[in-house]
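Look at the two complexes coming up: subunit A is in both, with subunit B in one and subunit C in the other.
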Partner chain A sequence: MGFFDRLQNIDRRVLYLLLILAVGLPLIFSAPVPAPAVLPPTRSFYDTVEALANDPVRRNKLVILSANFSSSTAAESLTQTDTVMRHLMRRKLKFAIFDFVDPQGRELAQQTAEKLQNQYGYVYGRDYVNWGYRPVGAAVPTVKAMVRDIPAAIGRDITNTPLTEIPVMEGVKGVNDIAAVIEVTGSASLPVWIGYFQRTGREPVPTLFCTTAVQGPEAFPLLKSGQLQGMLVGLQGAAEYEVLLKEPGFATRGSASLSYAHFLILALIILGNVSMLLSRSRSSGSGTGGTR
Partner chain B sequence: MFDFLTDPAAMGKAIVWFAALCTLGLYTILYRENVVFRFFEHIFLGLATGYAIYATWNDVLRPRWWTPMVAEGRWWWAFALSAGLLFYLIYSKRYSWMSRLIFAVFFGFAAGQAFQFFASTYFPLIRSAINNPVVGVPVPTAINNLLFIVILVSVMTYFFFSFEQRGGVARVSRMGRYLLMFAFGAIFGSTIMARMSLLIGRVFFLLDTWIRQTILGGA
Partner chain C sequence: MFRPVQGPAVWGYIIGALVASGVIFFLLTLIPGRFRKPLIALITFLAGLFYALEFFWPTGRDDTNFLTPFIDPAGQMAQVLQAFALGLGVYSLVSVHLRSIARQRSGWGFSVVLFAALFAIAISGLLNAYRPNRYNQNVFNFFFVGGLQALDSTMFSIIAFYIVSAAYRAFRIRSVEATILLSSAFIVMLGQVALGQALTNWLPAEGFGANLRVENIRTWILTRVNSPAVLAVDFGLGMGALATALRLWLSLERGSYFDREL
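So, the complex of A and B:
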C-alpha cells in the first residue's frame, strides 16, 4: 500500500483523536479566532426582544419560553436558553417555561432560570413561572385551548399551584396576552405554535426560533414569509447572541472550537480527495489500471 | 459513609463525577463496541425514562386526572382510564375491534386539526413565494428575488413526474436536481456543525466543570 493509499485509510480512531484535540485545545488555550459575525436572523431575534421590552403595552404581557429539548442537544439548546433567558431577565420581561416534547426540557430550563435569577433579581412566581410538561400527543389540543384560556388549559405549574394564584399570571388570559413565543427545540415542534397559535389572536404573536444546526436550513423560508421574526441556529447562533448581549460565555468559546473542528474536517476532505486523485493517476501511469 | 447525601456541595461534586464517568463511558464507543458503553447507555435510557414517568405523573396525571377524581369528587374522570385502555386492546385478537373506536376519535381530531395547520402554515409560505418583485425594488433585492424564482421553478419542474421530461424541460429539471443537491449539502454541513457542537459541549464539561472546577478546585 502506497503513501497516498494509506492517507485514504487512516484509522478512524486517529481521526477521532485529532477531532478531540481540535475541539479541546481552543477551550484550554485562548484561540486566535475573531468574534462571531452576527447574522441577520440573530440580529432580528435580538431586535424583536428589544422592541418588546421598549413597548409599554407589550412589555407587560407574558413571553412563552417553550423548552422543547432534552439533554441530548443541551450543548446547543441549553446554551441558547441561557443566552435568551439572560436577555429576557436583563430587560425585565416576564416569561413562562413550557414543554411539550421531552420532560427534560422543563427541568433544564428551570435549572437555568434558578442559576440566573439571583443575578437579575428574578423571583419564581413573581417574574417567571414554569407551566411544566405536557405529552407530545396532547400538545395540539393544549395549545389550541391556550388560545382562549391559558389558566384553564394549563391548570397548575410544576409546584402544583393553580395558575390563577400565581402573581406573574395576573391578567394573562389567552393569546392576546402573550408578547411572544420563543421556541427552543431540537425537534419538529415549531409547527405547533405556527399552525395553532401564532395567528389566532387580534394580531400575530411574534415567534422566535432557537433551533439546532441540523434543522436550521429548513426554517429559513419561515423568516422570509414573516412566520418567524428571528432565529438562532445552533451553538453558533448562541455565540452571535452573546456578542449582541456583550456577555461572552460558553458559546463564544465553543465557537472557536467549532471553527477549528471545521478546519480539520475540511483539511481531511481535501487530503482524502487529493490523495485519491494522486493514487489513481499513479495507478493509471504505471499501467496497472486503477479504478475509475 | 453516605454523609455527602445531606451536604449540597459534596452532592454537587458527586453528580459531576458521575456525569463525567457517564460521558467517558459513553465515548468508549469511539474505540470500539464494548460492555462499558452498553452499561452507561442503559443507565442513560433508564434515567430518561424514569424522569419522563415522574414528569408525566407530576405535571399531567396527578393535577389533571388523579386529584380531581379522588380528592375533588369528580369520579367521572375514571372513565378516561377505560377510554385510554381501549388503545391497548389492539393487542387482543378477540377485542381489537374495540381499539378502533378510540383510534377513530383521534383520527377525527387529527383530520380536523390538519386543515387549520395547513392553512396557517403553508398559505403564508406560498404567498411569500409568489410575492417576489424584480421591478421597483433595490438591485440586490431584485437579483435575490430573481434567483429565488429561478430556483423555485427549477426545483418544482424536477418534481413533475406526470409526463416524460424532454428538451428544455429536462434541462430545467436537471438544474433543479443540482440545486437540490446544494440544499442537501447545506443541510449536511449544518448537521456536521450540530454534531461538533454536541462534542464541544461534552469536552467543555470534562475540561472545565469536571477537571478545572471539581478536581482542581478552580473558580
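So, the complex of A and C:
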C-alpha cells in the first residue's frame, strides 16, 4: 500500500482522537474564535421577543416555552433554552414550560429556570409555571383543547396545583392570551403548534423555533411562508443569540469547539479526496490502472 | 364542560371509573370474534368523525359550533388513553424481561439492569414529586442528572465520531453529482461556524460584495436551493399522510397491527 493509499485509510481511532481534541481543547482553554455573524433567522427571533416586550398589551400575555427535547440533544436544545430563557427573564416576560415529546424536557427546562431565577428575580408561580409533560400521542387533542381553555386542557402544573390557582395564569384562558410559542426541539413536533394552534385565535400567535442543526434546513421554508417568525439553528444559533444579548455563555465557548470540529471534518474530506486523486494519477501514470 | 372534582369526592370518582372500566372491559371480552373488528372500525371512525365534523361544521358568531364544547373532554380523554398505552408498554416490557430472567436466556443480566434502572428512576421520581425533601431530591438528581441525562447525552454524542469517520471515507468526488453535493456541503459547513465566517469577514457587510460572504452564500443555498426541494418533499409527504390518515380512519389499512396479529 502506497503513501497516498494509506492517507485514504487512516485508522478510525486516530480520527476519533482528533475529534476529541478538536471539541475538547477549545472548551477547556477557551480558544480564540471571532464572534459569529448574526444570521437573519436569529435576528428575527430576537426582534420578535423584543417586539413582544415593548408591546404594552402583548407583554402581559403568556409565552409558551415548549421544551420538547431530551438530554440527547442537550448540547443544542438546552443551550438554546438557556439563552432564550435569559432573554425572556431579562425582559420580564411571563412564560409557561410545556412538553409533549419526552418527559425529560420538562425537567431540563425546569432546572434551567431554577438556575436562572435568582439572577433575574423570577419566582415560580408568579413569573413562570411548568405545565409538565403530556403524552406525545395526545399532543394534538391537548393542543386543540388548549385553544379555548388552557386550564381545563392542562389541569395541574408539576407541583400538582390547579392552573386556576397559580398567579401567573391569572387572565390566561385560551389562545388569545398567548403572546408567543417558542418550540425547542430535536423532533418533528413543530407542526402541532403550526397546524392546531398558531392561527386559531383572533390574530396569529408568533411562533419561534429552536431546532437542531441537522433539522434546520427543513424549517427554512416556514420562515419564508411567515409561519415562523424566527429560528435558532443548533448551537451556532444559540451563540448568535448570545451575541445579540451581549452575554457570552456556553454557546459562545461551544461555538469554538463547533468551528474546530467543522474544520477537522473539512480537512479530512480534502485529505481523503486529494490522496485519492494523487493515488489515481500515480496508478494511471505507472500503467496499472486506477480505481473508479 | 366538565369541571375537575376536588377533595375526597375525587376518590369516589376514581373508584367509580375503575369499576365502570372493568365492566366495559368485561363486556368487550364477551363480544364474539367476528364482531370485534367491525366494532374497532366503528369506534375509530366515530373518533375521527368528531374532529372532522367539529372542524368543518359552520360556526356561529363566537366561532364555535355544537361540537366545540366537547373538544376539551376529548383532549383529556386522549391523555388518559395515552397513559393507558404507556402502562401497557411497561407491562409488555416487564413481562418480556421477567421471562428472560426466569429462563436465564442469553443476556438475562441486562434484563436485571433494566429492572433496576426502571424502578430506581420511577421510585425516586415519584418520591421527589410527592414527598419533596432534600434527600429525595438528591436521590432523584443522582439517577436523573447523573444517570439518565449523562447516558442519553453520551449515547447521542457518539454519532459525532461516526460522522467524522463516514465523512472522511464516503465524501469522495467520484461523479459530477458528488462534486456538486460536496461543494455545497463545504460552503454550508463553512458558513455555519464562526471560524468559517471569518474567512470572508473582510468583505463588506452591506452591498454587492456582501453576497460573496460565505454565510450569505450558505443562506442563499439553504433558502433558494434547499427550500424548494424541502417543499417538494413535504408536499409528497403531505399527500401520503392524507392518504394514510384516510385509510386508518376508514379502517382500510392492512398488515401487522390491523388485520392480523404480530
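Going forward, the second predicted complex is superposed on the first by the 291 of 292 C-alpha atoms of A that agree within 3 Å, B and C clash if a C-alpha of one lies under 4 Å from a C-alpha of the other, contacts with A are read in each partner's own complex, and residues count from 1 in each chain.
Following the convention adopted for this analysis, contacts are C-beta pairs under 8 Å (C-beta built on N, C-alpha and C of every residue); 3 or more make two chains touch, one makes a residue touch a chain.
All values derive from a computational prediction rather than experimental measurement.
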Report task. Mind checking the superposed model to see whether subunit B and subunit C fit together on subunit A or clash? Result -> clash
Requested in this report: Applying the touch criterion given at the start, work out whether A:Ala153 contacts subunit B, subunit C, both or neither, answering first, second, both or neither.
Outcome: second
Query raised in the report: Can A:Gln227 be said to touch subunit B (first), subunit C (second), both, or neither?
Result: first
Query raised in the report: Which partner does A:Gly24 reach: the first (subunit B), the second (subunit C), both, or neither?
Result: first
Query raised in the report: So, A:Tyr133: does it touch subunit B (first), subunit C (second), both, or neither?
Result: first
Query raised in the report: Touch check for A:Val123: first (subunit B), second (subunit C), both, or neither?
Result: neither
Requested in this report: May I ask you to decide whether A:Val274 touches subunit B, subunit C, both, or neither, giving the answer as first, second, both or neither?
Outcome: neither
Requested in this report: Considering only the touch criterion stated at the top, classify A:Gly195 as touching first (subunit B), second (subunit C), both, or neither.
Outcome: first
Query raised in the report: Which region of subunit B runs into subunit C, 96-104, 132-140, 168-176 or 204-212, after the two models are superposed?
Result: 96-104
Report task. Check subunit A for residues that touch subunit B in one structure and subunit C in the other, and list them. Result -> 16, 19, 23, 70-75, 104, 107, 134-135, 138, 140-141, 144, 155, 158, 160, 213, 216-218, 221, 224, 233-234, 236, 258, 261-262, 265
Query - Residue ranges of subunit C touching subunit A (in the complex, touch as defined) - result: 1-2, 4, 51, 64, 68, 71-72, 74-79, 81-83, 85-86, 129, 144-145, 148-150, 152-153, 155-157, 160-161, 163-165, 167-169, 171-174, 182, 186, 189-190, 192-198, 201, 213, 215, 219, 222-223, 226-227, 230-231, 234
Report summary line: Note: in the complex, subunit A contacts subunit C through residues 10, 12, 15-16, 18-19, 23, 33-37, 39-40, 70-75, 104, 107-108, 111, 134-138, 140-142, 144-149, 152-153, 155, 158, 160, 162, 213, 216-218, 220-221, 223-224, 233-234, 236, 239, 255-256, 258-266, 268-269, 271-273, 276, 292
Query raised in the report: Given the complex with subunit B, which residues does subunit A contribute to the contact?
Result: 13, 16, 19-20, 23-24, 27-28, 70-76, 79, 102-104, 106-107, 132-135, 138, 140-141, 144, 155-156, 158, 160, 191, 194-196, 198-199, 212-214, 216-218, 221-222, 224-227, 233-236, 250, 253-254, 257-258, 261-262, 265
Query raised in the report: Residues of subunit B touching subunit A in their complex?
Result: 30-31, 48, 51-52, 54-56, 58-60, 62-64, 109, 113, 116-117, 120-121, 124-125, 127-129, 183, 186-187, 190-194, 196-204, 207-208
